[in-house]
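Chain lettering (A, B, C and D) follows the sequence in which the chains are written, and residue indices restart at 1 in each chain.
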Amino acid sequence: MIDYRSDNTGRAAPEILDALIRANSGTALGYGADEWTARLQERFAEVFETRVRVFPVATGTAANALSLAAISPSWGLVYCSEAAHINTAEANAAGFFGGGLKLVPVPGNHGRIDPDAFSRMLAAIAPGQLHRGQPAAVNLTQASDLGAVYRLDEIRAITEIATRRGLKIHMDGARFANALARLGCSPAELTWRSGVDILSFGATKNGGALCDAIVVFTPELADGLAVQLRRAGQVWSKMRFASAQLMAYVEDALWLRLAEASNAAAARIAGGIAGLPGLRIVAPVEANEIFLELPSETMDGLERDGFLFYRRSSTLARFVCRFDMTEAETDALVAALRRHCAAPARAAE
Amino acid sequence: MIDYRSDNTGRAAPEILDALIRANSGTALGYGADEWTARLQERFAEVFETRVRVFPVATGTAANALSLAAISPSWGLVYCSEAAHINTAEANAAGFFGGGLKLVPVPGNHGRIDPDAFSRMLAAIAPGQLHRGQPAAVNLTQASDLGAVYRLDEIRAITEIATRRGLKIHMDGARFANALARLGCSPAELTWRSGVDILSFGATKNGGALCDAIVVFTPELADGLAVQLRRAGQVWSKMRFASAQLMAYVEDALWLRLAEASNAAAARIAGGIAGLPGLRIVAPVEANEIFLELPSETMDGLERDGFLFYRRSSTLARFVCRFDMTEAETDALVAALRRHCAAPARAAE
Amino acid sequence: MIDYRSDNTGRAAPEILDALIRANSGTALGYGADEWTARLQERFAEVFETRVRVFPVATGTAANALSLAAISPSWGLVYCSEAAHINTAEANAAGFFGGGLKLVPVPGNHGRIDPDAFSRMLAAIAPGQLHRGQPAAVNLTQASDLGAVYRLDEIRAITEIATRRGLKIHMDGARFANALARLGCSPAELTWRSGVDILSFGATKNGGALCDAIVVFTPELADGLAVQLRRAGQVWSKMRFASAQLMAYVEDALWLRLAEASNAAAARIAGGIAGLPGLRIVAPVEANEIFLELPSETMDGLERDGFLFYRRSSTLARFVCRFDMTEAETDALVAALRRHCAAPARAAE
Amino acid sequence: MIDYRSDNTGRAAPEILDALIRANSGTALGYGADEWTARLQERFAEVFETRVRVFPVATGTAANALSLAAISPSWGLVYCSEAAHINTAEANAAGFFGGGLKLVPVPGNHGRIDPDAFSRMLAAIAPGQLHRGQPAAVNLTQASDLGAVYRLDEIRAITEIATRRGLKIHMDGARFANALARLGCSPAELTWRSGVDILSFGATKNGGALCDAIVVFTPELADGLAVQLRRAGQVWSKMRFASAQLMAYVEDALWLRLAEASNAAAARIAGGIAGLPGLRIVAPVEANEIFLELPSETMDGLERDGFLFYRRSSTLARFVCRFDMTEAETDALVAALRRHCAAPARAAE
């Protein structure tokens, strides 16, 4: 069996668990008042080249929903891609933590927001009208939920539109490292230098174990968020075990190496199946996910071959590469796809 | 320095972290659909001698607030001890997750609810009146927030009053193992056989690292809670790393051994200072916490001696024993208290 | 100036205000414990041919949002037409009162839900999956937000699909009387006999002044809703002044006469412009609203003529008839539309 | 029967209903965009000698809860008197609208907050600690829920403590006119000149019918509140009928004349029973309420005599005077109390 179901089905990077084990000595104050968490603040300030506040949290859903609640009033409209994880897969956590804020899906290609569509939608809401709530924030999923990556100028096109209307910007970086590795830019460029106020900093899907983080670039958001996290049950009393994981995650560029590995695996597969008849690569393979339009017979065949993956519909399959995917595993998928994509043609003869 | 600040300043039991490491092989479905979490259900069914649903969560605050939200409508009144953690230390997480439910403090001694006071308070709310909300649930902190332990008959006195009025019962078991070790009864007796519907099952304070759990005894509460946990950001995608910790926690009675050790340390201290002039043991030392009324000069002296502990007020100090407290450490505290309690008397001469 | 902007720009029916004045004598218990409110229960039981609970509320938004919160858990998905008022015009009140419930727009024509689309959308959500929330309720706007009316069999097609999946049914009857007048069926047939659990009973748009109501057909919803209304600030202490209005509204079939009048005005206009080149009637004119696709120059011309109406977009205009619209007023609109619809053709020569 | 149960059991002042009737002509834009509501803004600016925003709402509970939600984050602590209506009688509406904010009762006499107790309670919460939420606002009930009235210097003592800590100030003026009439100061002095940010402006208990209002003195609170009121279902589409009532309420000092009448009735009773053995006036009778400690036999006797009033406990009775209470009615109560208070003494012989 070769598992392409998700990057969350995978192992944690040993370096991260080692750090957790090493944190298990002595006593330390609870709820983030420990030395590990203090060093985490400093380390992320270096990584992002600015003073930030870093809050470890249990899950990406918590990171997203609490970030959005921090930048939108309860009557806010939060714009996001139609395919955004916050819109399709988090049980409306944003609406819950945000006291009834409303997600507004914006069209666009490959899981990204189209700036023109976004601009038109904002223009249609008069400031001060009461009946629809008020635009408050925009959410960018980077990498996107279809495996594409926003370029810096694409991000800035959106954040400029948003900022002109007074909206705040949240980036859902569940696969932030994958996007960063792809673009080769700095973490600062990808975030606050492009207008991002607050970031869901994903680690779990890229070799982490039990924590992600919220990174706050806009200082006035942090104090309220700190209390909200406490009452949201997202402040571990033994926080050092989370902070130590996040420290290890960025140490010696581990996070980028892990992301490069999973990106490379996806690219290798995409390269190997480019131009194959009988399938369509739905979005540019720019991170570690591949979405393919395939006949369901082809999917059946892959499953018989021992591949695990998700069927998003009867003709859409998702394959996700993990950091520890081997070339043998990616080559096996390529070979199988080639075999099956030839087969149906023959069958149809 | 000897640290009596809290049981959350301490290390995790190595067995628990070992289990986490061992879980790091192969791939596994996310969000609790893995084998570790399946086995956890079975294991806890044995521990509690009934079919239960176990949901690992990041923190005790999440366990408490989401449990209460599961058993109370948003207009509910939730009765708890005046000293209850949910009332004094969780930033009103219960009110937040519960959509505005209201905590109603009930008097009682040593952090416990007095059944007669509870009964009178319920009687004062006519069913069907609209102005105060409606009684919905009761919360028992076991062990209590002042270090005492409810006996089984004391629990049942309260759950009977509650059940007669249609209330559901939540037990905050942040120190459940300590109470269990103290009473020597079975987990079943301490919970569902005494009327408890839902339990915050604490592990962190007793040698855990990054997870606690909710244990549901009343089946109809579980399905809704499962969705609510997902949107609360409390369902880890790599759940196996949490479930593995909880499995290790109850394996070979580890949890009880850890609790017995911290209980014994506290008892040893309490025994050593019993009858000392110049201090008062505020509540029976039945778990791993000791609350002492002390002159602030005595507290100053202890701090100079290198003891770390919390000052709850100018005359109230809290000392918490961890599972790995040594006899040398407890004896040192006893000796210091004896020394200082003699000293002020001399100073006053 | 002839005002077609909305039915809420209009006067109240004098009979309703007279009743309010008549209620102003003697003293009466507050918060609905008065005789007027007691008689209201009986009167509506007759109107609906079954025991109901009637709760006067200040606005239709309150009626809708609190009804939905009563039939959906906070993690629920509430299906509604894309054009539904709850989705487009109430500032996500349903999400707020419902603790983060999510509205799911369903396609369909003329502001109605298409049963097949609804059925497919339900089928796409597996029971027990956690990631999207769970289907909980369906909302039917009757008459629809585009001026059409569901026939009884259309309602039942939807409520049967919903009920099979365990969903509850809410009807937004902001223009309930208009739909009733159109269909000629009984209030019972249009609601509980067709599967409706709870109704927003509109009066304001049909000659009311300051109150609408919630009518509960499914008894177990009522007690909790009563408390929720109290804390929502929707229970007037001097409730008699609201209940008296609602009594007058249904007395001697006043509500139906008012609705017939506004329906007739709309039908007269629709009849007068049928087949005109240069405009398109967007949806069947079955209640008191007319939606027209028109060139913006035509709209400009109508405004110059002194007609007030809403531009929903640059090519969509809404005209709403009130109960006191005269034939002269409707004929004036027809004449103007004929004039302008001829004009652009000439202008284009 | 003479009814002392509440000021909400009474009639509306005819002037107010007359104004409602007069508003029933012509058409007017909905949701507060009408001329009546525009004039209301101007009129209240004169009354309060400053620019204000006035929002008519259906009930005092809505006014209180939405005001508090406007000045407190969801993790806020809102300080109020132990006897405050928001704490004892509104089904925790503040917690609901405030997303889980927590009310903190402060001791004090006669339903008022004691400044020293308040100050000590604030000092006990360290800024930045996460575990209890953060102080956000203070609520003053004026007149108090025990019938007393804060003097200006008493208000300012509290608002100064609050403002130093960054708290906002809400006044629950359900009986604002009664307090104003008692103190003889200006509305400005009683509110923003004494530090009040936002006021629940009560009309219902003082001759109103179906509306109260929120008056905002701190401009930055108003825009968000406007949207929140819309989604709270508190913005009538036919707002003119509410605004017209409020205009009439303050016209020609009607509100003060009504309040003077009910205050005078209460004072007449208080004067008539002062010093009577067998009863105790619980709080200074400074508005229109009288709280008496009485033997329950005396209460039985009064009921047999045909007096209606509320028993707050077996020994505490509340009598409320309405604006249209006659001297005959007040004298009858005095006479009855004298008769019964003599009687028990004889019975005891």
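Going forward, a residue touches a chain if its C-beta (ideal position, glycine included) is under 8 Å from a C-beta of that chain, and two chains touch if they have at least 3 such contacts.
All figures in this text were calculated on a predicted structure; none of them were measured in a lab.
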### Query
If you take the chains that touch subunit B and keep only those that also touch subunit C, what is left?
A, D
### Task
Tell me, please, which chain's centre (mean of its C-alpha atoms) is farthest from the centre of subunit D?
A
### Message
Half is the threshold here, strictly exceeded: which of B-C, C-D or A-C has more than half of its contact pairs identical to B-D by residue number?
### Response
A-C
### Query
How many Å are there between the centre of subunit A and the centre of subunit C, using C-alpha atoms for each centre?
41
### Message
Just the number, please: Cα centre separation of subunit A and subunit B in whole Å.
### Response
35
### Query
Using CA atom averages as chain centres, what separation in Å is found between subunit A and subunit D?
50
### Task
Any chance you could list the residues of subunit A touching two or more other chains?
31, 74-75, 90-93, 96, 99-100, 130-131, 133, 227, 230-231, 235
#### Entry: Residue ranges of subunit D in contact with subunit B within the complex
74-75, 88-93, 95-102, 130-133
#### Entry: In the complex with subunit A, residue positions of subunit B that touch it
3, 5-6, 8-12, 14, 17, 20-21, 24-31, 57-63, 65-66, 90-93, 96, 204-205, 208-211, 227, 230-238, 241-242, 308, 322
### Task
Over in the complex, which subunit A residues touch subunit D? Could you list them?
31, 73-75, 99-100, 128, 130-131, 133-134, 223-224, 226-231, 235
